[in-house]
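After this come two complexes, each holding subunit A, first together with subunit B and then together with subunit C.
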Partner chain A sequence: MQRTLSTRMLLNRYGALFRMPLLENLAEVGNVVSAVLVMTMFMWVFAMLWQAVFAAQGTDLIAGLTLRHTLWYLLMAELVVLSKPLLAEEISDSIKTGSIAYDLMRPLDFGLFHLSRYAGHVAFRACVNLLAGGVVVWLLVGPPPAWQGLFPAVLALMLSWGLEFCFEALIGLAAFWTEDISAFRWIHQKISFILGGLFLPLDFYPPWLAAVARVLPFASIIYAPGRLFVDPSADRLLSTLALQLGWLVVLGFTFRLLSGRALRRLTINGG
Partner chain B sequence: MERKQGLGFVGALWRVNLLSAMEYRVPFIMQLGGMMLNNVIYFAFWVLFFDRFEEVQGWTLRDMMLLFAVVASGLGLAMMLFGNCRAIARIVAAGDLDRYLALPRPVLLHVLASRSSVPSMGDFVFGLIWFVLAGDVTAAHALRFLLAVVLSACTFTASLVLANSLVFWLRRSELLADHFLNAMITFSLYPGTLFNGAARVFLFTVVPAGLTGALPVEMLRDFDAATLGWLCAGTAVLAAFALLAFQVGLRRYESGSAIVVRI
Partner chain C sequence: MSIRVDRLTKSFRTRDKQEGLAGSWRALWKPEWRQVPAIRDISFRMERGEALGFIGPNGAGKSTTIKILCGILHPDSGAAEVLGQVPWQDRQRLCYEIGSVFGQRPQLWYHLPPVDSFHVYGAIYGLDRDATRRRVDFLVDVFELQHFLHTPVRKLSLGQRMRCEVAVSLLHAPKLLLLDEPSIGLDIVAKQRIRDTIRYMRDEEGVGVLLTSHDAGDIEALCSRVIVISDGQLIFDDTMDELKRRHLTAKQVNVRYLEEGERSLPMAGVETVAASRYGMQIRFDPRTVGVDAVISGLHGLGSMVDITISDPDLENIIGTIYAENALDPDAA
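Let's look at the complex of A and B:
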């Protein structure tokens, strides 16, 4: 007799996995303090750089953005990057040590298991980072330029972390084929920084590069939420969400396909 | 005689580190090449930045290339030769210092040289290539560059030993040491002229990133004995503090009593 789990039971299981990293992070006060320090440091350096740039240009507006727009944009971009856990490393380590066998024995879907834990980490870190970075940027350049951008940005942020989850999980799964994934991690990270607009909004790029970068998934992850936050509009919201959902389908499907193939290659030795 | 033996011992450690890293050829090449590619892509930000703004506070793209060259090679050299400088806090917290204390060799030197980081070799090579690409490769300029790299490597090593030695007083300071390294790298890779007043003091004392990037590049741009003097003095003071902190801290170390078989 096959027993089907009710939706409620499934939600309870994955909900528990979501709560676990929240509690882990809460227990580690050092993590909170260090998150605050890192965010403060980055926003301070950015403020120094961009204050110098705007002063040297002798203008309040560069490519349609003021200093306040730029710093709040950079805060959101950093928020995406600094709030995610090292999922690729976690998956790769579990493959190399063989502990993935324990993950697979659980009556849980491999992808959803990791997604629930990932979401728990992100939820906690994002709150801490937003609070720390928000205070610093507010003190430096004043409040966000458009409060109505907050809700659309939160929606876009959730999808951007979904996309980032797919990338990280795919890189982690590469450990099934290669002995070391660190080179993939670094290169993915730096390509997303540049084509996603982490240090420089895409609006400041040469037009041809900005046009290419905008349609790639990296911009959907880093650029889109921040730009929506500082300059919200219904058109921008719709185009952002449509592009993010499109990439989520593509990357989610690729992850499902590859994880299925990868797990079929799995051989566990010993006990 | 004793000094010669010490040098031979460190040389033997470096040789073993290199051979063990090269034992796994594919990961070795991937990590080395991957790190170089990583740095090239990272630098693309500054290419885009200066394409748009031409210069910031007197710094141009060429200055940024020199900055990346000095910092990458300096950090690479430090991690290649003394890879454990970033891991002392972890080693002490885990009680793994016992294995070094039991041997008749200088403890700090033994700990530092016991590990070489493979990706850092990529950093080192990247820095050399970037220096050549920045242009003006005369013998005098190349010598100054090598001096800047060695001083930057000494500063990275000394400041990381100092930050990691806090573990002797704070018990769990691994995360703090990690963030210190991140701060050193982050602040090293921005034009020095961005930071004035209190920020500049901060970058030459608490997080001495000014000594690993901005000041060596100032020396390369306009060489004068005073800048070199400041750079050497700063590095020497940091090294002295690092040695003192480790030696004093070591007296507070308590063995983990772990029984470990080292093969």
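Let's look at the complex of A and C:
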């Protein structure tokens, strides 16, 4: 059996793992249909809500954003949150049940094993959610304000899921030290929603809070892709990607460090 | 040599808590840690291509030993070598040489047909597409998976699923197969089928099998040698024949009578295991009590309509070994 694998074989290996959630999603159409319903309903509710807000303000522009900008921004923000799998639970369950030991018996890197499956799930769900939510938003407020924002937004989305992967994996790994990770999940989720700008763009926040929130990783995950999509200026593109990459380095390094420690703890102490 | 284990010892640290609220409170401020030995001073050998039965009651240390042999756990002391490598130092390399089936932890993707899992494992183990296809064709043939290769795993019967599990564990042509309860929950036909295919693969490809099972039939059908572990210690390591010879000392007799009645056989060295209105079951050691005497004693109790004399099955033998060990915890 070959032990030194070529790059092509490594790509094959993690590519095959990436493909499995795609196949699973296609096999379980019921789950996909319910995801589409959730996305459609959320975007419809948001549209009604923000139409009322803009009408009540009697203006076309709030903090530099039109209703169309706002809704396409919210679509991207929801896309980030609704397209990801429950990675933290998956990792913590595997630790609690001990099945992580059997995952370690494969010739796989722990991080890449989870990342490739996470990416496969996100790729499928994001396409479906984008299509479902996009149709609703388009019908209610018209096409995206700037088509040239699509490519930068896709780039930013990939980085944002990379960041979210690190957060979720870290929360899952916490199960090595504490029985129940639900408190961490809850705190992470609520902070992300508020400081990430899931329900309204950070631009609508008081300036001091918006300024703080923008540099935090939560904004790099939820706010960044949507804001870039509706306003793809070169300046914004550079600053957004630079900040996302910066946080990715920090969180990726933390994940590597802690996963290494956790796995050593498992092999030496038996978990 | 497939496996060499020398004086392996491993213990875990657990936190004790006294009962009730006060106990919980105390445990919070002043935790009481305790070292619990999982395995103590275990040594054994397994030759290449050998099928070795590894048995012991729950909590005896079987899975700790297996995890050490896979490189997932570090022992506290002692040495081990699996296929010439130290497992906890060379785990990633060893992965390619070991296949595993843990009966209660499925490795197939639940919502997808087995064929998809076969291909993803092919890619994981670095096989190219053609090599995977050839190997899958071969395994499908041996394990007779043709009829459900394309059916989602969740729709397969347990027997079909286990055949796929064992087949997928052999995809990368491992030299050593670790089987933990491969026949758990299976009916007798499915069990027999799994045993036959494992035996075929052992003979065909020379793959060594380390089999853990509560089912004595699995061990008897597949293994020529057996090691028994209890309370973290090795209490038996020899051939299957030796196990039977040493512990197959008792004969069991079931007898049925024509007429109803309360009967007993008051002979020294004869133990009544069960009695009913029409019959009884007794056990005796033929080295101390003559078979003739027992039969004529039984004959004297009434007119017999049926009698069977049998050796106790492996399950009973193992039960006896555990019981002996429990009486004398230092026995090794």
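Following the convention adopted for this analysis, the second predicted complex is superposed on the first by the 263 of 271 C-alpha atoms of A that agree within 3 Å, B and C clash if a C-alpha of one lies under 4 Å from a C-alpha of the other, contacts with A are read in each partner's own complex, and residues count from 1 in each chain.
Quick note on the criterion: a contact is a pair of C-beta atoms (placed from the backbone, for glycine too) under 8 Å apart; a residue touches a chain by one contact, two chains touch by 3 or more.
Owing to the predicted nature of the structure, the values given are computational and were not obtained by experimental measurement.
Colleague: Considering only touches as defined above, state whether A:Pro107 meets subunit B (first), subunit C (second), both or neither.
Modeller: It touches subunit C, and subunit B stays clear.
Colleague: With the two complexes superposed on chain A, say which partner A:Met20 touches: subunit B (first), subunit C (second), both, or neither.
Modeller: second
Colleague: Is A:Gly260 in contact with subunit B, with subunit C, with both, or with neither (first, second, both, neither)?
Modeller: neither
Colleague: Examine A:Ser182 and indicate which partner it touches, taking first as subunit B and second as subunit C; both and neither are also allowed.
Modeller: first
Colleague: Look at A:Gly246 in the shared chain and tell me whether it touches subunit B only, subunit C only, both, or neither; answer first, second, both or neither.
Modeller: The answer is neither, since A:Gly246 touches no partner chain.
Colleague: For the complex, which residues does subunit C have touching subunit A?
Modeller: Spelled out, the residues of subunit C in touch with subunit A are 10, 12-13, 38, 64, 67, 70-74, 88, 91-93, 95-98, 100, 102, 105, 107, 109, 111-112, 116, 119-120, 122-126, 128, 152, 172-173.
Colleague: Mind listing the subunit B positions that touch subunit A in their complex?
Modeller: It comes out as residues 24, 26-27, 30-31, 33-35, 37-38, 41-42, 44-45, 48-49, 51-53, 55-57, 119, 172, 175-176, 178-179, 182-183, 186-187, 190, 194-195, 199.
Colleague: In the complex formed with subunit C, which residues of subunit A make contact?
Modeller: 1-3, 5, 9, 12-13, 15-17, 19-20, 23-24, 27-28, 99, 101-102, 104-108, 266-270
Colleague: Could you pull out which subunit A residues touch subunit B in their complex?
Modeller: It comes out as residues 30-31, 34, 37-38, 41-42, 45, 48-49, 52-53, 56-57, 178-180, 182-184, 186-187, 189-191, 193-194, 199-200, 204-206, 209.
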